[in-house]
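So the structure is just underneath, and the comments pick up after that.
Chain IDs A, B, C, D, E and F follow the sequence of writing; residue 1 opens each chain.
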Amino acid sequence: MLIKVVNPNTSREMTAVIEHAALTVAAHSTTIEAVTARMGPASIESHYDEALAVPGVLAEISGADGYVIACFGDPGLDAAREVADGPVAGIAEAAMHAAAFLGRGFTVVTTLARTAGRAWDLVDRYGMSRLCRRVRACEVPVLEIALAEKAVTEECRAAAAKDGCDAIVLGCAGMADLAARLTAELGLPVIDGVAAATLQVQSLVTMGLRTGSRHEYAPPPPKPYTGPLAEFGA
Amino acid sequence: MLIKVVNPNTSREMTAVIEHAALTVAAHSTTIEAVTARMGPASIESHYDEALAVPGVLAEISGADGYVIACFGDPGLDAAREVADGPVAGIAEAAMHAAAFLGRGFTVVTTLARTAGRAWDLVDRYGMSRLCRRVRACEVPVLEIALAEKAVTEECRAAAAKDGCDAIVLGCAGMADLAARLTAELGLPVIDGVAAATLQVQSLVTMGLRTGSRHEYAPPPPKPYTGPLAEFGA
Amino acid sequence: MLIKVVNPNTSREMTAVIEHAALTVAAHSTTIEAVTARMGPASIESHYDEALAVPGVLAEISGADGYVIACFGDPGLDAAREVADGPVAGIAEAAMHAAAFLGRGFTVVTTLARTAGRAWDLVDRYGMSRLCRRVRACEVPVLEIALAEKAVTEECRAAAAKDGCDAIVLGCAGMADLAARLTAELGLPVIDGVAAATLQVQSLVTMGLRTGSRHEYAPPPPKPYTGPLAEFGA
Amino acid sequence: MLIKVVNPNTSREMTAVIEHAALTVAAHSTTIEAVTARMGPASIESHYDEALAVPGVLAEISGADGYVIACFGDPGLDAAREVADGPVAGIAEAAMHAAAFLGRGFTVVTTLARTAGRAWDLVDRYGMSRLCRRVRACEVPVLEIALAEKAVTEECRAAAAKDGCDAIVLGCAGMADLAARLTAELGLPVIDGVAAATLQVQSLVTMGLRTGSRHEYAPPPPKPYTGPLAEFGA
Amino acid sequence: MLIKVVNPNTSREMTAVIEHAALTVAAHSTTIEAVTARMGPASIESHYDEALAVPGVLAEISGADGYVIACFGDPGLDAAREVADGPVAGIAEAAMHAAAFLGRGFTVVTTLARTAGRAWDLVDRYGMSRLCRRVRACEVPVLEIALAEKAVTEECRAAAAKDGCDAIVLGCAGMADLAARLTAELGLPVIDGVAAATLQVQSLVTMGLRTGSRHEYAPPPPKPYTGPLAEFGA
Amino acid sequence: MLIKVVNPNTSREMTAVIEHAALTVAAHSTTIEAVTARMGPASIESHYDEALAVPGVLAEISGADGYVIACFGDPGLDAAREVADGPVAGIAEAAMHAAAFLGRGFTVVTTLARTAGRAWDLVDRYGMSRLCRRVRACEVPVLEIALAEKAVTEECRAAAAKDGCDAIVLGCAGMADLAARLTAELGLPVIDGVAAATLQVQSLVTMGLRTGSRHEYAPPPPKPYTGPLAEFGA
């Protein structure tokens, strides 16, 4: 089984973190192909960045048995499901669903406060309104998150102490490395979405399931595309 | 006052329909600038098309007092609000909010059934769950909708007869021309989102109001962009 | 176009504030007729006052192209829609819908805390539950609100600082004068419902739309009325 | 214990039906005082009628240990709670809450389809959205309902057969007489709100409980009232 | 009329408190039979205890006109409704529904914080999400609650002062004795679920109503049961 | 890794079906221990059966790395999470969460219509209200479901044709064998909860995650238990 894990931003350092997280949990028989978006923003820290990261994500959705979109905003998830030849999971989606099995409530610890609105949108979309207690921000830019272990730890500690949550969801692919240590240290489950999404896709492929394509997620009608995005058209 | 009305697809014929709808309702002192996306799909009929229409929309968000995104999926709305120097409205958003003033329930009449999922997403996002009775599809492709007056009329007639709705929301910018005739013919308000959004933006500018930018909708942090989308970076 | 703006309480001073707010935003071609309720309470500060202000509102719903109910409880809105010969908007309704175009969340700043329950009822009714962050009260009686600019300003400042809101909705027609100054001073949109409702009704009339009257909002069946309210019967 | 049961319309025949329903269930030690509104509409069949029935209801809210508002729209309930010297229940409110103890879902059988919107409003307000399966209308005017036993029976029979409901709520005080027979005949609980509300108020008084008056339901601030409603002011 | 009030735990002292609360409010013509579960946990302080208290509850559901389940988790309520020959009410259910008639919001004051999750489950199930302001815990074990009057009083006082609630719901049958004194002392209605449920069942029996048994609540299909629970099978 | 898959009813034939489904998807390094409840009902077809199956489930929750509760009502899930020394998943829970990754909506196909209410309870609890389109029943008793392949197939075919769903969730552990064939035959993903829950638990154990136990899911306070259930006490 081949799972393609797509980093929607163009930072190769973050792709390495993502690849490591996926490899750590995947079955021996599963091959992980971690790829970096070939177009778009260096990091995703706004609706603008996220919207413009989507073409780079969609360009990677082919050639595997399943796909992970490894940015906590789950950019392009619906569109990817239309064109993918296997199941697709976003890391926010997979992390929140995993948290649902681990208790009554979770807190999201993310990078910048300005992205909390998007996190709440996803909470709502994924049916997690009763579960999500709070979205906390470290106010660390995405590309510095790997160096900000202390800030993330402190925010997670605050969540454990004050939010009455049973689990913590890490709100950035760049935090993937921290989940195991934080779980041990804080005494509550801390979830990395890259691992969760990789295992989710692996499970769906194992069960022989992919996105239903009889209605909304049927392949898009082909048509001409114009300008810099012409490659995406038919 | 200058309002830019952006057609997110690349069809100039549809831009002409949109421009006419906006001009018909705008105040004498309001200038309408209708523009066609310079990149992206010829029409928007899937999540894939919609996601890839967003760069073309965002490229147009500058130089006016307010902006209308004239496709019923409201592509790029959040991102546009971050970068716009004035208020922004989507046509689905404006049409549904207008419908909320006209009765207890509305039906959306749209093009293809496969886009109904997106319509329901927006219904939910805009707080319209109690108002939206049904989303009906004519199963006419977007670029043929101008020629499909009969199919649209029949579906609206069915909505009026069977859905118990007080209003009908037209689910495609290409249907803008039909609203007045259908309102008269069916004896219930039929709402064109292009007109509704143009007037909404005009009203917000008149009140001196634009998107609050202290939090989520602050200007995006500038950063490098790579590949065909490099023009969007800093 | 003639828009009748009805002040549901019997205070002419407040009608003057309301009239000024409506005139400031209305188009040149729109005539504003601001009227004071001829019966009912001097101000509306309880469910009791509000219920008993409704007959005074309904007595004014005739003779115009559209109607604004200029009290933040939107008293009599459903009944007015049944009898009006044009669209009707309440100021809470119009202000909240306008706020929905300006960001992800708003705070309402109102007069007395005891009216907050009604504000939350309307938030819910208008589908604004995800948008409304908080209802704050200045604890200033309605008829003193014009003199209480400082208290209103302070509460708005607190909202901007603490509620994470993108916009503020002023929760009393008597605050209409303050919106422009507060918008400038606080750096976020502050919405006066009188202006918002006037423009909303003007927009609906421009589009040729009025309340759908095929079902719930059909004209009421005529019948005898008894006692002091006999004038309302047939 | 004295419970005042207020008929919000001015029809004495309906008051007699209401009085009988209340007397049938009240404890021996409870006195029922059934009163007819002294002002307002002959029957309540629209938002307009309902709004204008409220003054007649409020004029009766004094002099008892508890109060029942015996019209299915529960007109004036919030205002009555502010001024009452004991608990207050509406018949829609009491019937729906009773139904909640009797199964997973109920259908409302009411008079005119045009009042269904109000019924749904109350369903939502009382937290009954998951319970209410359907609102059915007999299309019989309120004052003819006593003569329309067959139409009501047929609609109840249809509810029992098709709606998968565990209970039926009768949607008009004028149907009170029919509950016992329908319960026996249809083999599922059929609830009359007059009985339910009378017992609810009796129970609350027995427990020594009345509306909390520390916040929203404190007595209204006294103030001058003008015109035909001057009697309601201070 | 015979109402059986079942204490789901095996503590006879608590049964005595429960019996007293029921007797205080029941009509003279109503006989109260308070029974103690013959199997299960000494007190209910976890999901585990609650699940294992259910067989003891179900063993008592026969031989009366109506039934009260006198533990705030309402253990076994659905199953009891399937097998009971009369209406059944849980004390959380009855207390919350009573609170709904007494204002816009209530706070629950319960024993251990670890049971708050179950209280919120019930809030949601009973449609009380908009009404329940907060669930407060005294952190007193269930069997010590009768001796912890001070702790309960203090938590209720905090609720009255800080939660903006119109009523308080006592979250343990062992607190039944305190309701009247707290209501008087705090100046807002404090509700004991045992009294509320007893009166609710008495009212339903008075109206001739019991759980609808045409669908989900029909008698369970008989079948063999194995092991220590064999007595429950057919 | 050892995963214990608990059949909550006492039918060994069903345990065999369940074991096979779990073994088919588990990793080579995962050991599946399928156990049959030692007490309780022969099958679960009512709230009564389900409540009384819980002790038999809880008696099995020890000695493994993770646990699956293999009955579509997810009996005893909360209690199991309190006492388990590893993650726990119910098959309804796991199947619905898996379906959430596969499209916008699913239909549940279950055994008896009388259990649909429980299915809807779980839909709501798991945040799946927007996803679940319909719960269909084959009206086949649980222990005959293995022989009722045709009835299940027909109901699934009806779901695919009429419900507009992207996926089907099989609503009984006894249907586990049918998922693969139905997926292939119907052209949309058909989900067996036994496989889904086994993989979910395996994934959580792989990530080193188990139920958060700092609050609600802490081990229950030990205490005496009485009667046939004495073995469950301390």
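The working rule: contacts are C-beta pairs under 8 Å (C-beta built on N, C-alpha and C of every residue); 3 or more make two chains touch, one makes a residue touch a chain.
Going by UniProt, the chains are A, B, C, D, E, F = Aspartate/glutamate racemase family protein.
Quick caveat, the model's predicted, so the values are computed rather than measured.
Participant: Hey, which chain ends up farthest from subunit B, C-alpha centres compared?
Facilitator: Checked the centroid distances; the maximum from subunit B is E.
Participant: Could you work out which chain's C-alpha centre is the most distant one from the centre of subunit D?
Facilitator: Following the centroid criterion, the farthest chain would be A.
Participant: Based only on mean CA positions, could you tell me how far subunit B sits from subunit C in angstrom?
Facilitator: Centres of subunit B and subunit C (C-alpha means) sit 27 Å apart.
Participant: Averaging only over C-alpha atoms, locate the centres of subunit A and subunit D and give their separation in whole Å.
Facilitator: 52
Participant: List, in ascending order, every residue of subunit C touching at least 2 other chains.
Facilitator: 81, 104, 117, 124, 130, 215-217
Participant: Please output the residues of subunit D touching subunit E within their complex, sorted ascending.
Facilitator: 25, 27, 81, 87-89, 93-94, 97-98, 100-104, 126-131, 160, 164-167, 179-180, 183, 187-189, 191-192, 195-196, 199-200, 202-204, 206-217
Participant: If we count contacts the way the header does, which residues on subunit F are in touch with subunit E in the complex?
Facilitator: 10, 37-43, 45-52, 54-56, 58, 76, 78-79, 81-83, 113-118, 121, 124-125, 141, 215-216, 218, 220-221, 223-233
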